[in-house]
Structure formats: structure tokens, C-alpha cells
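Below you'll find the structure, written out as C-alpha cells, and then a few comments.
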């Protein structure tokens, strides 16, 4: 089956910032993304687990966005403008996709 | 530690189709897969969040399947036969695995 | 935007082993990781779904850890020492990250 | 007429309806108020268990009615026939494709159990009794409509939509199994069983219904906010007309069967209500090309609120007038 | 004095406080006891709905009080002014950065609805009545403090922190909407509405509060275990002093307004309590550089337990003494 | 004998057992009925809190019994000794590996708190009193069996299975902490505390138990469907024989201690029941090579339903006959 080159960008970010990130992504021309729940994690700002969150306000989510390689820079800049002052991680992986017309 | 080349296929699909996808994968000779919950997403058919789903029937899941490179085509065809008429995304990434005998 | 080469290690493991894995990772010098919930899966030890777990004791989680390439071996050894006798899957993908100083 | 208005006013000012309205308002105002999915599902399990159980206890108390079988049969026929009526109306009133029209039609043959629960609570407040086995009729009406819709599509030359998994998923879907199961448990354990658990299934029932309808309001409101663009005026009008048309078929059936006032009212409610759980799920599998925005917004965003606020008092008033109670 | 001690002892030996203590102890001992997130959220939805509803019913029963408007206004002013007081104290007592101090200050202007709920339950047990509209005052006090804190920061030359989304998120956050909505539902449906759902919103209330406080104890205990290092002795002292200082402002306002004994006590409780849901969320968006470990541990790990165990009996005793009841 | 049959028949026709049967049937029929994980956990928190609390209240009412200490000790000894009995039986009756046999044996020394809860509810319905501290005995019996099993393995030359984390996880696992904590809360607050929250912990108890057992039935049924192949006839027979054998040890201990009829019955139930939460989790950590399909299916799919339906009436009848009540 024919596949097409693309980039898979994965952004781990505070849940409370997710709607702002979505908006920024859509403004940057992204055609779609998927949001996964995150149970817990650890980083420079310490360890946390969702079940043990004080105030339960500060959970995180993982936003996955598959784009054509030529759009990845725009996407990352959009994402970075939101993530910048916040804790979070952005990583990019090369991937192949089916049905390229969708991206 | 010794690692082995493999492919990591990620299929985002409606939850209601998951059991059918699993069956198709197993028929295609896949030895294992992992299903992740999806909180929400956006695509050509609009945006949705699990917590806000009308009828709560149409959530999505992400099925991750690690296979040897030589089996990836069979897997993708099986997946595609299920995904075809449905909304969803299929992506493939090169990866390395430990304990190759498991795949 | 400048990106940096890194490795993305994904470990699918029984939930009950997660705290032990986290400890091992931190001992191995890992600076951060993210834990995703897993809904279900299938492997050599059979199929399971979280909602249908007998005793609900044996769910799984997915631990994602992004590290510099030079640290990946140490990480994998640490992970393997925990996973070894247990069911579970470890895969590694090449990726790029923003803000390399974080890893 | 005056009685309808009083009933409607009482209904609109009950905590139950106001909770629904609060949910709709919060969603339209884009508040982040939300009921966790697991909690909403737990509430619905409670409601299904309680309503099924109480129905069964009532059957055990009043003895089995000769009409039970006929009423079940009438329910199945209504569920199978109403999609034809809906499909016809949709062809006249809207420009929906054959596929979308069939999908919508399936929803209106099937039922909304929450509308049914709300109606039983209105009947109770008004002191109107109903046959306990109406919950079994509700269960029987869930599925036949789906087959009718698929038959409508296959007549258009487009077949092979059902697989055996889908059959099982429809017939043994959680709500049906729980409703029918609790009905039999109530039947088997009777008044004695009720005494044991009535402070769980009876006392807090209305309060739980409030929270559940709060969530339904949130869900319906979000649907309206995000998707109301999907509905043309014709489609919207259908969503308000069809429940009334459906209720008339239910009225006819109820009167023919000689049901009690409450029974006739519930038959009208079942015929008037549209599914938003079982049928949408089946449609995603069997007719994935049909547009969910249309059938979900219509069923949950238009018909459900209409029935809940105006429909139920109307149907109860009709039933009361025509059964001469 | 003796009365305070009796009240405090009674309070400390109630199942509610002991459940909280159990949670703290379990978390400190690193037990894996935990309440699922969805269940905790469901419990809080129940508590907000019940407390709002009962407040509304009480207003509908006693008629609307001329003081309602003034009391709401006093609440808004207190919420806006207390962060200034807190900010001043923090500058004197601690070495926190301007940013961290402002973030902490915001929490102490705003309120903790669970502390409020616990206080109403203590008043009830002691047979002390309070104005039903105090729940509306609670809602009104949630947000102004956030603006004050952002103003404190912007004076330091650091502006542009608010966007319109954040405005909406603060003013229409789920707790406020549910509390106020349930208040209006209670007001509209009155005693009749209460009769319908009292075995849901009244009877099991205290028991639900036990389980909720068990979870709060677990959360607070985990916070203390993981993050207590974040608190210097000065910061810790602030967490114990500020509620008492705040309560005095509430006492003054309550006496000036001529509220009932219960009303004065609740005004003190609101002023004394610190937010740990709405304000932390707003701070993560508006002041992400401020350290959450400080404000969360302080608000939930120090001030909340203090108010729950010693503060509430103290405030009730003061209010009783000074209103001459 | 007749009494046993009546008791068994009553038990089988209670809403509680029928709810369990409904769950099993739904799962075997592959219905998609399911209780969300968070809801099931919330229900179990409720049950543990309520049963612990009521036990504590009962101790505070009847005063502390001289036999408390001895009974706890007997529980610990039974828990530690029964795995040896089970291991012996397994070696005779089955071909399980040493590892699998030890893992299974651990389950049968430990206890199932739901079986205990169901038994207390049967005793209550029959008007048979029991010592309130039996819930503490239940807690004491959870862990010792695990050590016995690990000792059985280490005798086979395979050591170093326990780390300090596992120790803490076993001794401070959520169920134990909640059960014991609620017991002390009940003890401390006594009848007064009970009066405050009895409409939460007493009134809806049996109804909640129904929903919980519905979920247990679903889980057990799914386990049977998916894994029953894992059980040879010998293993299956063990799952039916071992509870009866265990109950005899409990009977002996109870009679020796001079417990009340209810106390003896509960001692039998504890000895007869097998763990399916704490022990499986410990086994996954300590003996990951042991096959979970065997011990889970056996404990939850065979022994739990046996005890729930036939075992409890049998044990109660025995206890009644032999204590001459």
C-alpha cells in the first residue's frame, strides 16, 4: 500500500493550556491532531501523578499532530509560542502515513 | 544491549471499531498490540473531546502495533480494510526493539 | 527553529511495576519521563482490556522517555532490569527535540 | 388545555428540568463545567437499574397482565414502522441524502430511556399509575428501528451492512441488558426485595436524575453550540414535528391495547422519543458515511429537550383526556 | 474559651474531620489508597449542587433579605482587598519573589468551597442558622482576588497577563456556575423542590462529605509529603497567620452588615479560607513562572487543614460571642 | 438441613445475588455492559468505609471484648497456615508447578472483603449479631498468606522476592488502610457519629452492594469466558473444595475462641474466601512468572461465586447449629 513521508509532532503540555495550543495549531494551518491523556510524569519541575495532583488543576496532556514535512516549521513555531513560558516537551519523529490527501 | 529493527504502526480509530480492528490484526498475524485512550481530537470531520461527546458513543482510541518490517504491509492492509470507510489516521515509524523474539 | 537529535524510548509495562521503573530510570540519570494510561492490549500472555480486568490489578501503562542518544544505553539497561522478568515491550525511535538543554 | 398548561408549568419548574436547563446554559456559555464520563455512566447505570427493578416489582405486585405480550409486540411494530414514517417526512421536509435520512429515521423509531425515566417521574408526581412492564416495552423498542433503517438503505441497492458482531452489539447492548435484567430481578424478588433496597433505588432517585440531566444538558448544549450549523430549518422542523407525530402512533396503539392512562402516556413518550446512544453507535458501524452531526444534534439537541420540557406534559394530558381518567 | 474548646473537640471528633485525618495519614504513610479522579469530581459536583440548592431553598423560604446586595458587594471587596493584605504580610514575613508572593496572595483573597461546606455542617450540628445567600457570596468571592494579584504584578511593570479566554475560564468556571445555578434552582423550586429531592441532597450529605474529605486528606497529605520542602518557616507561619487575619476582616464586614451569627461565622470562614482549585488553574495560565509547589502546598497543605480543624470552631465561637447569640 | 436450604434459597433470591448473576450472564453473553473502573473503585471505597465504620461503632457500643486480641491472632495464624493446607491439596489434586501452586495458595490464605460484606448482610437479614471487630480480623488476614507463599517458594531454593516497597504495598494497601481507618473512626465517634452519617452508610448499603456485585459478576464472567481454558478439572475441583476446607479451620478457631454465632460464621467466611485484589497484585510483583490466569480465574471465577451463593448459607447454618443459637 502506498505511503507518504510526513512528520509526527508530539507536544506534552499542561492540560489547562490545551485549548490555547489547539487554537494556535489550527491557526498555523494544521488539519488535525489527537489529544492523549497523561497519567503522570517527571521533569525539572518535579514528579507528579494525575491521581495525586494537588488541586487536580495541573494535569498534562499529549497532543499528537501529523503534518507534511514542509509544514512542520510553522507548526512548531505555533506550538512554541504557546509552550514557551510553560513546562512541557516537544518532539518530532519522521513517519509515513496512508491517505496523504488528509494532511 | 542488542536491539532489532522493527516498525511501529499507530492507528487512530473510532472506539466502536476497535474490536473489529483487533480481530483483523490478529488475523493478519500480528503478535501483539496496545490500545491507548484518546481524550479528543480534530480532523476533517470536526473537533471533538471525549468529555463533550454527544451520546458518548463516538470516542476514539489509538492502537499501537510493533511488527517486523517484513510484516508491515500485511498489517497495514488488514488495518486499512477496517479503517477504510471510517474516519481515522494510520502512521508508521521506524523503531528498534529489545527482545526481538517477541514480535 | 533549531532542533536537536534525541531518542524516544517507549516502555509498555504492568502498572504495578511503574514506580519501580521510575526509580530505576531516575537512578540511571534520566531527567524526565511521561506516563500514559493504556486501555488494553494483546500479546503472548493473552488479550486484556482495562475495563474487563479480573481483579483490576493488572493494568498496564506506557512510559515515554526522551533522552540524548549517548544516554540511551544506560536507560535501556535500567529499564530492562525492571522489565526483564515481567511482560512488556520496549521500543526506541529517533526523534528531534526543541530546547535540548532540558534533556 | 388549562390542565396541560399547569402540568407544563409544574414540569418546567421542577428541579429536574431546571437542572437540564442549567446544563444547557452552562454549555452554551462555554463554562468548563463537566460531569466526568465515568460518573455520567455510573449515574445512567443507577437509573437503568432502578427503573428496571421498580418495573419488575410492580409487575410482581399486580400480577402479570394478559396485555403484556401484545404490548411488547406493539412496541416492536412501532419501532420498526416509525422509521418509515420518519423517512417519508424527511424526504418531504428536507434535502437530506438517502443515507442521512435513513440514519436519522432509525433514531426516531428507537427510544430514549432518559425521556422515559423523566416521564415516569412526572407520572409519579401526578399520582398516575402505569403498567410496570412498560420498561420491558422500552427495551423491546430499542433495536427494531435499526433494522428498518438498514432495510431502507438496502432497497437503494446498498446492502451488506450487518455483521454478526453488530447484531450482538445491538441486541445485547448494555442498557437493554441492564434494564431487562433489573426488571427480572425486581420481578423475582418483589416487594420484599424492594424493601431491602428501596432507600437506594427509590429515595434518592429524583436527585440522581437531576445530576444526570445536568450532564445531559451539558452534552446537548455543547452539541448545539458546536454543530447547530449542521441543521437546516427543514431538519430542525422535523426534529420538533416528528416526536408529536410519533406520539400519535403511540397513542393509537395504547388506546387499542386498552392500557391504563399512565401506560398510554408512556407508550406515547416511547414513540415520541429518539435514541442517542444505541442507534448512533450502530450507525457509526453500519453507515459510517452518514453524518453524525445531523442525527446527534437532532436527536439530543432538538427532540430530547422538546420532549423533556413540552412533550411529556402534552402526552400525559392527551393520555389523561382520552382514557377518561 | 471553654465553649471554643468544646466546639473544637466536638469538631475534631466528628467523622468528617477524622476522615480527613485518615486521608492525610494514609498519604503520609505512602499507602496506595486513592479516590479515582472521576469519583472525586463527582463528589464535588454533588456537594456544590446540594449546598447551592439548599441555600436557594432557604432564600425562597425566608424571603429575600435587604442585605443580600450589600453582602455580595462586601464579599467582592473582601476578595479584592485581602490579596493586598496577604501580599504585604508575605513581603514582611517571607523572602518570596514578587511573582510568587502575588500568586500566593491571590489564593487567600479567593475562597475554598469545601471549607465553607464543612463550616455549614458544623453550624447545622450546633443549631446555628445562617443566611441562605451566603453560598452566592461564596461564588462572588472566587474571582476578584485573581484580578488583584494580576494588578499587583502589573504594577511591577509586567503586564498583559489576561486574555479573554482566561476571563471566561475564571468567571464561568464549573464550580461557580454549578453553585450559582443550583442556588437559583433551589430558589425557584423552593420547599416543594426540596421535598422532591431532599433524600438526595440532605440525608446523605454528611456521609458524602466524609468521603470527599478523605480524598482531600489524601491529596493534601501527598502534597505535604512531596513538596513540604518548598516551604520556609516564614511561609509556613504565613499559612497559619493569614487565615486568622482574614477572618478578622470577615468578622468586621459581617458585624457591619448586621448578619446573623451563622452569617458572620461564614463570612469569617470565607475570608479565612484559601482557594486551591480555581486560583491555581488561573495562575498556571496567567503566571506560569510562579512556583505551584508554594501556593498549592500552602493553601491545601497548611491553611485548609488549619481551618478545617481549629479555624472553624474558632470563627464560630467568635461570631457567637460578638453577635450576642 | 431444611434450614440450610431455606437460607440458601433466600440468599439466592436476594437482589444482591441476582445482581451478581446478571453480571455473570451479561459477560458470558458478551454484552458490552460494563461499570466504569472509576465507578467500581468508588463503590468499593464506599463499601469498605461503611463496613469498617459500622464495625467500629459496634465495638464502641458493646465495649471492647477480651477476645479481640486472641481473635486477631487467630486470624493471622489462619491466614499464614491456610496456604500450607492449600499448597498440599494442590500438590495432590493438580499438576500445577510449584510456583503456580504457591501463588494460588497465597490467595486462599488471604480473604475477599466482598464475600465478607455479603456475609454480614446475610447475617443482618437473619437477625444474627456478630462481633464488630471482625472487620479488623478481616484486615489482619489480608497479608500473612503472602509471606507464607513466598516462604513455600524460597524453600524450593528460589529466594529474594520481597523488597521493602512490596512490604509497604502489601501492609498499607488501600483496602486495609481504609477498612482499619474507618473502623477507628467508627470506634471514636460511636453512636453519635453513626447518627450523623447513617443515612449514608446504612440506608443505601444493600443497594450499593447490588451494583457492586453486578460489576463483580461482569468481571468474573469475563474472566471465565476468556480464561476458563486455563483450569484443569483438578484445579477447578480445588476451587470448590478449598473454601469448604478453609471454613472448617475457621469454624474450629471460632468455636475455640467462643465467638458469637455471627462471629463464628464470619470467621468461616474469612477462612473460606480467597483474595482477588491484594494478593494478585503482590504476586505480579513477587512471582511474575506465575500464571495469573490460573489464580485469578480460580479465586474470582470459581471460589467467589461458590461462596456467595452456596458457601455463605452453608457456613451460617453450620455456625448456628454448632453454637447452639
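Per-chain numbering from 1; labels A, B, C, D, E and F assigned in written order.
FYI, contacts are C-beta pairs under 8 Å (C-beta built on N, C-alpha and C of every residue); 3 or more make two chains touch, one makes a residue touch a chain.
Fair warning: this is a prediction, and the values are worked out from it, not measured in the lab.
Novice: In how few steps can one go from chain C to chain F if every step must land on a touching chain?
Specialist: 1
Novice: State which chains count as neighbours of chain A and simultaneously of chain F.
Specialist: Touches both chain A and chain F: C, E.
Novice: Expressed in ° and rounded to a multiple of 5, what is the rotation angle of the C-alpha superposition of chain D on chain F?
Specialist: Rotating chain D by 120 degrees superposes it on chain F.
Novice: How many angstrom between the C-alpha centroids of chain D and chain C?
Specialist: From the centre of chain C to the centre of chain D is 45 Å.
Novice: Go ahead and note the Å separation of the Cα centroids belonging to chain E and chain F.
Specialist: Inter-chain centre distance comes to 41 Å.
Novice: If you look at chain E, which of its residues touch at least two other chains?
Specialist: 34, 36-39, 41-42, 199, 203-204
Novice: Please list all residues of chain B that touch 2 or more other chains.
Specialist: Only 36-37, 47, 93-94 qualify.
Novice: Can you identify all of the chain pairs that touch?
Specialist: Contact pairs between chains: A-B, A-C, A-E, B-C, B-D, C-F, D-E, D-F, E-F.
Novice: Quick check: in the complex, which residue numbers of chain E touch chain F?
Specialist: Touching chain F from chain E are residues 13-15, 18-19, 22, 25-26, 29-39, 42, 125, 199, 203-208, 210-211, 214.
Novice: Show which residues of chain D lie in contact with chain B when the two form their complex.
Specialist: Contact set of chain D toward chain B: 34, 36-37, 40-41, 165, 218-220, 222-223, 226-227, 276-277, 280-281, 284-285, 288-289, 292-293, 296-297, 300-301.
Novice: If we count contacts the way the header does, which residues on chain E are in touch with chain D in the complex?
Specialist: Checking each residue of chain E against chain D gives 36-39, 41-42, 45-46, 49, 53, 168-169, 172-174, 177-178, 181-182, 184-186, 188-189, 193, 196-197, 199-201, 203-204.
Novice: Which residues of chain C touch chain A in their complex?
Specialist: Its residues touching chain A are 1, 3, 6, 8, 22, 26, 31-37, 61, 66, 93-99, 102.
Novice: Name, in rising order, each residue of chain A that touches chain C in their complex.
Specialist: 12, 36-44, 47, 49, 60, 62, 73, 76-77, 80, 89-94
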